[in-house]
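The structure appears right after this line, and notes come after that.
So that you can tell them apart, the chains are marked A, B, C and D in the order they are listed, and the count of residues begins at 1 in each.
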Amino acid sequence: MLPAFSSGHRETARVLAQKVREFVDEIIIPNEPQLSRPGAQALQLQSDLALEARQAGLYGLFYPLSHGGKIASLEDYLLVAEQEGRTEFSQAIFASHTALDAHMLSRFGNAIIRQQFLQPMANGEALPCYGMTEPGQSGSIPGLITTTAHLSNGRWHVNGRKWFISNADRATFMTVLARTAGKETALDHALSMIIVPADTPGFRVERQLMMMGHACGQGEVSLADVQVPEHYLIGVCGGGLELMNKRLGLGRLLRAMNWIGLARRCMDLMGGRVHSTRGKLGLLVEKQLVRQHFFNTYQAIAGARELVRIAARGVDAQCPDEIAINVAKMAASRALCIASDSAMQLYGAEGLSDLTPLYGIHRIARTSRILDGNDESLISSVGRRLISHYEHHTVYPFD
Amino acid sequence: MLPAFSSGHRETARVLAQKVREFVDEIIIPNEPQLSRPGAQALQLQSDLALEARQAGLYGLFYPLSHGGKIASLEDYLLVAEQEGRTEFSQAIFASHTALDAHMLSRFGNAIIRQQFLQPMANGEALPCYGMTEPGQSGSIPGLITTTAHLSNGRWHVNGRKWFISNADRATFMTVLARTAGKETALDHALSMIIVPADTPGFRVERQLMMMGHACGQGEVSLADVQVPEHYLIGVCGGGLELMNKRLGLGRLLRAMNWIGLARRCMDLMGGRVHSTRGKLGLLVEKQLVRQHFFNTYQAIAGARELVRIAARGVDAQCPDEIAINVAKMAASRALCIASDSAMQLYGAEGLSDLTPLYGIHRIARTSRILDGNDESLISSVGRRLISHYEHHTVYPFD
Amino acid sequence: MLPAFSSGHRETARVLAQKVREFVDEIIIPNEPQLSRPGAQALQLQSDLALEARQAGLYGLFYPLSHGGKIASLEDYLLVAEQEGRTEFSQAIFASHTALDAHMLSRFGNAIIRQQFLQPMANGEALPCYGMTEPGQSGSIPGLITTTAHLSNGRWHVNGRKWFISNADRATFMTVLARTAGKETALDHALSMIIVPADTPGFRVERQLMMMGHACGQGEVSLADVQVPEHYLIGVCGGGLELMNKRLGLGRLLRAMNWIGLARRCMDLMGGRVHSTRGKLGLLVEKQLVRQHFFNTYQAIAGARELVRIAARGVDAQCPDEIAINVAKMAASRALCIASDSAMQLYGAEGLSDLTPLYGIHRIARTSRILDGNDESLISSVGRRLISHYEHHTVYPFD
Amino acid sequence: MLPAFSSGHRETARVLAQKVREFVDEIIIPNEPQLSRPGAQALQLQSDLALEARQAGLYGLFYPLSHGGKIASLEDYLLVAEQEGRTEFSQAIFASHTALDAHMLSRFGNAIIRQQFLQPMANGEALPCYGMTEPGQSGSIPGLITTTAHLSNGRWHVNGRKWFISNADRATFMTVLARTAGKETALDHALSMIIVPADTPGFRVERQLMMMGHACGQGEVSLADVQVPEHYLIGVCGGGLELMNKRLGLGRLLRAMNWIGLARRCMDLMGGRVHSTRGKLGLLVEKQLVRQHFFNTYQAIAGARELVRIAARGVDAQCPDEIAINVAKMAASRALCIASDSAMQLYGAEGLSDLTPLYGIHRIARTSRILDGNDESLISSVGRRLISHYEHHTVYPFD
């Protein structure tokens, strides 16, 4: 789905990955206890570290090359993204989470959008958020979207309510998925994506939602006759469903790459535990059930990495494979769940406490099975596609 | 391990279970959102509800009959305990968690201990806590305990540090497991249990530990030359290891019963979700993957209940079976993990948020695999015992 | 579904269980290598041992009391059935598999049927089989049955084809599920059960089906205008679907009891392996992964036994619970799968070879997930029932 | 471990893979029912088909290039091997199983060995077998090997007993792993590999072992003062342990590649089932539990393929990674287990019968978890290696 990439500059990626790793190990990880405390102080520290990353040339590495990015191929970016992902706080600090919006705006936004929204993002002056899910609806079904946008006198009037919006409290603008046609119009012509700046009258953050007992910036937003210019439409009118699917595919892979990094961090923490004083007291080196945790963790990570790599290659080649993408997302999520679970067992009561980063990682692991496509939907969707392949073929080609 | 129980009064238990269920449904569950907020207000509400439970005759139901309890058999208590367990806040409100201490003091404490500590507990005026695990040690190995108690002029001098102590911040006294003999003494004669009132000079709550990101009263306590009278010893000097094991067995079953209640709550929440407006929008009734969640949850709960029942029967008959107890604990923990996991998947993003009680339940589920004997230790210990049975027998008798 | 049972004679069951266990250990198990070889010699040996069991008073123990049975309650029979089930050859030798037909005929057959078919079964002179599934159809859907029976001049004319019929080659009569009314009739009035003696003209065993590479008496039978007297109808005309469901419930529990016995045998074999010379060479006692196999096996067996016991109690009380029965069947099947799998891993290459009984047991374990209701159907059916409970209730009562 | 490969000729491999696939689909699969019947006729058919494969230029494709092979890189060979592996009978027909011996002899055999044993293999005139495991010992422990070889007058005298030898009944020579030094010598200098032609006096096939109820050429062989020339030693005297480990690594990957092919065959069979008349009767397309089987199967296969590919790349680059190899073996075995299990569930009773190839595939799947390193040993060994990495590092490098 991405613009044609130049041939991969694997070596550039390796060098950047190494730099990111050092930044994470030396700058971010020592600050994790501070970053994980609720409150304004942590948010300020996060901003400071983001600035520091920018100064080190490590901010927005997967942004479009035209807007500050340094890595053009998703396959190459895996090497960097898993290093960024080693800490749960890296998304905001390295802007890895907004690369998705940047690519959407770069590819589908008009010149004004690119100038007013994309360029400030690249400068670190704007922060996007994305409004799709709605309260009272079943999250994964676009056909149920009730937020509307209608055009009148050259302005979109947007009305509705969105929730589970990441960064709702800090975003400077939101991409809203809204219905722009009536029930009589087929769904693939009925939805559109429109940009709404957060300071537009009628845009209101209603409340913060806790996720697993933690305020992590997920919010609910109401839109009461919010008016924006006609050209704040992304892509064509009625093309929202297609944009949504393109966004989903790339988004899942970006997140999967971060999860693999976090899973690797867990395995490294396990390695540290076994050889620690307490690990030695418990004779962990000799225990087969401990070895089994390492085996399971390694196998899950190694397999997920390759599945993500292959899916990324398809995206780079402009022929994204939805089966491969969804399976990669599930595999990365599973690797993170296994790794964080194993690490927690090895750390025992300490792993549950605030003496390790494991609890925060566990939270991300658990949410990974629901957000961005829950396990059940993806299993059903992938299964359905595989079955439908066999309607006309006798063999499934794995390459 | 318990004093000989009179023949089970199953019907009494059924009636009490029904009352507890109504109390939970009508009084506690509507207050859960308030109870789950951190802070003093929630603690006060908890105390108020405990008083209300006492007034309704539902406090300390499994205390010794001599001290206010109404149910003598552990097998009968299952019916009540699983109703209490439906809410994560019931332990403190119904005093189900302190029944363990009450039985230990009733059976092994001398007359003074029973009068000074047990009776006030039964009156709701005293709250016990238990200090076993120590920082810097490997939690599950009693041989590594470094807290010491030595007798001098008729007083125990206790020195050491304990952590992961439930209710550390509110307890009025602590049962301390301490070393009362040197390394040359065999472990089963080297440890003792001693009562230390929380207001004794030298007793200090050093800090609260967060559990899964939540302050739930787990604390770290230092004991600096704390002095208590000689007769604050529970049982005999050097008998601490045996007491610890007895406590463990009963404690695991009591907790397992609560977990089953919590797992049943999750299944009931799943039932509600499927038939809710949102469940209907998502056509959940028709989905086989949803049915599979119900199947898995039911099977895990139904099996765990029976395993707990059988293990309880063994305790009632004064021949506790460690294999049966540990397997029951693991099965109940697993049922809770499956149930809370399934419910979370069915509720989707809402299940992660603070709009349902699922997040708090998930926290308890996750900790159940570590606290009170982690999965790995129990698997290894049960397996070792089973294998050693076959050293002299060719058949394992399941009855 | 069974006739009202007298109060359980648990002690009788215990004594019989002990006798069965000795018979299995001393008479059958030493003959297993011979019994497992394909061919007529093994069938003859099986008949000889069945006669021996009859002489020892251990044949048809769960037949109706009126026809030689000695145990009236299904819950009591569990103790015996799991001893019978320790060997895969016990079904034919103890007639545990035909107790199902015996109860169907006893309860729903008329006097002539009971005299002509049931009494000879009790005498060991007749062997029943059951024809339900049909080639070319989807096994689990009664609505697709195409075998027909129509009444003409006081005789049923039966036409059709049945397969996966246990004992097809040796049975003296078959209970045929056939369509006795047209498509316009509702299914619960369209099917009937009719007895067809194997020597009736038009009854033909077309071929033996291999199961997991093993000829175990599963056959395909064609019925070409087979004519039998009108009174060979079991129950009422059109009542076949209801009879089928009653048969299914009891059948699943009887089989589940045998599987538990087989699973226990596997665990005992594991115990023997660990302490054998080879087990000692491999230091199996010390290995946590070996202990884990024991833990998993024990937990699965102990849980399944109780689930079967509870489901049996419901049947005894004349209120069979389909959820409980199906969950018990799945749990017993799962216990057998885990136990035979664990044992095979502990025996290594030997466990795959013909030097142990494990391979035959594995075959039964694998088929248990398909025959008599495959996993997927049961999961979906149990889930659907649980969900439908919540349509009108907020809580699921586990007792 | 292999000689330096020329740069991969991926395209050659693709073309050969396509040819192999056609050969399998058109020539072998239609013959599977005949090939699976026990007896001499099936062996003759197998030989005929092997000849046909040779004439089609598809025999021994992974033999050393010097001896008829056409593919030099293991990574490239994956494409061919998974096509060969689609049928359980392909090993003998395509000589994929003897490529392992061919590489061992090519690399470590002297000129005479290459001429007398390797060249005839390439001509299809000789068939190797490998004798490692011994009865009465614990299979996976080389230190327990009791077969001895001592040199006297320029001849090796070999004495001992070996079992679980594939192709024991048809092999023309055996590579024997024997002890050539006493207990005082360290194990890595105490074992050697020696070639023993099957027609040497004292070499005797004692019996055939059944595997999962099936005679598949696994035998037990006794060696009674078998004498062979001194130069029948492979590699250096005392170097047997090192050779054994090299053989193991390559052998595991070759087998893993075949398993992936077999797993893909199962998925394709599932695809056929869903759209068959019976699949349509059962509405399989719509069932989420059926889709879940497809999802699980696809995910397992896709992940295993990449893990095998990576491990193969390491071998090609002469730096085989034991962790990667063993994890790849386990992943391929698991993929095959999941795929054959899922397919069996979808085919129901038919899948258990001899009407599909699934039963034979299931047998191979089950044995894959034991032969060539059982799951437990590999889990423990991989876990131990990973843990030991962390003794000196804080991070595990996945590339």
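The definition used in the following text is that contacts are C-beta pairs under 8 Å (C-beta built on N, C-alpha and C of every residue); 3 or more make two chains touch, one makes a residue touch a chain.
Model, not experiment: these values are computed from the prediction.
What are the mutual neighbours of subunit A and subunit B in this structure?
C, D
Tally the contacting C-beta pairs at the A-D interface and at the B-D interface, and name the larger one.
Between the chain pairs A-D and B-D, A-D carries more contacts.
Rounded to a whole Å, what is the gap between the Cα centroids of subunit B and subunit D?
Once rounded, the distance between the two centres reads 52 Å.
What whole-number Å value describes the gap between the mean CA coordinates of subunit A and subunit D?
42
Got the subunit D residues that touch at least 2 other chains?
Residues 287-290, 292, 376, 379-380.
So in the complex, the part of subunit C that touches subunit B is made up of which residues?
Within the complex, subunit C contacts subunit B at residues 79, 264, 267-268, 270-272, 274-275, 285, 288, 290-295, 298-299, 301-307, 309-310, 323-324, 327, 330-331, 376, 378-380, 382-384, 386-387, 389-391, 393-396, 398-399.
For the complex, give me every residue of subunit C touching subunit D.
133, 136-141, 144, 164, 209-214, 218, 277-278, 281-282, 287, 289-290, 344-345, 348-349, 351-355, 359-360, 362-363, 366-367, 369-371, 374-376, 379-380
Considering only the defined contacts, which subunit B positions touch subunit D in the complex?
Contact set of subunit B toward subunit D: 287-289, 292.
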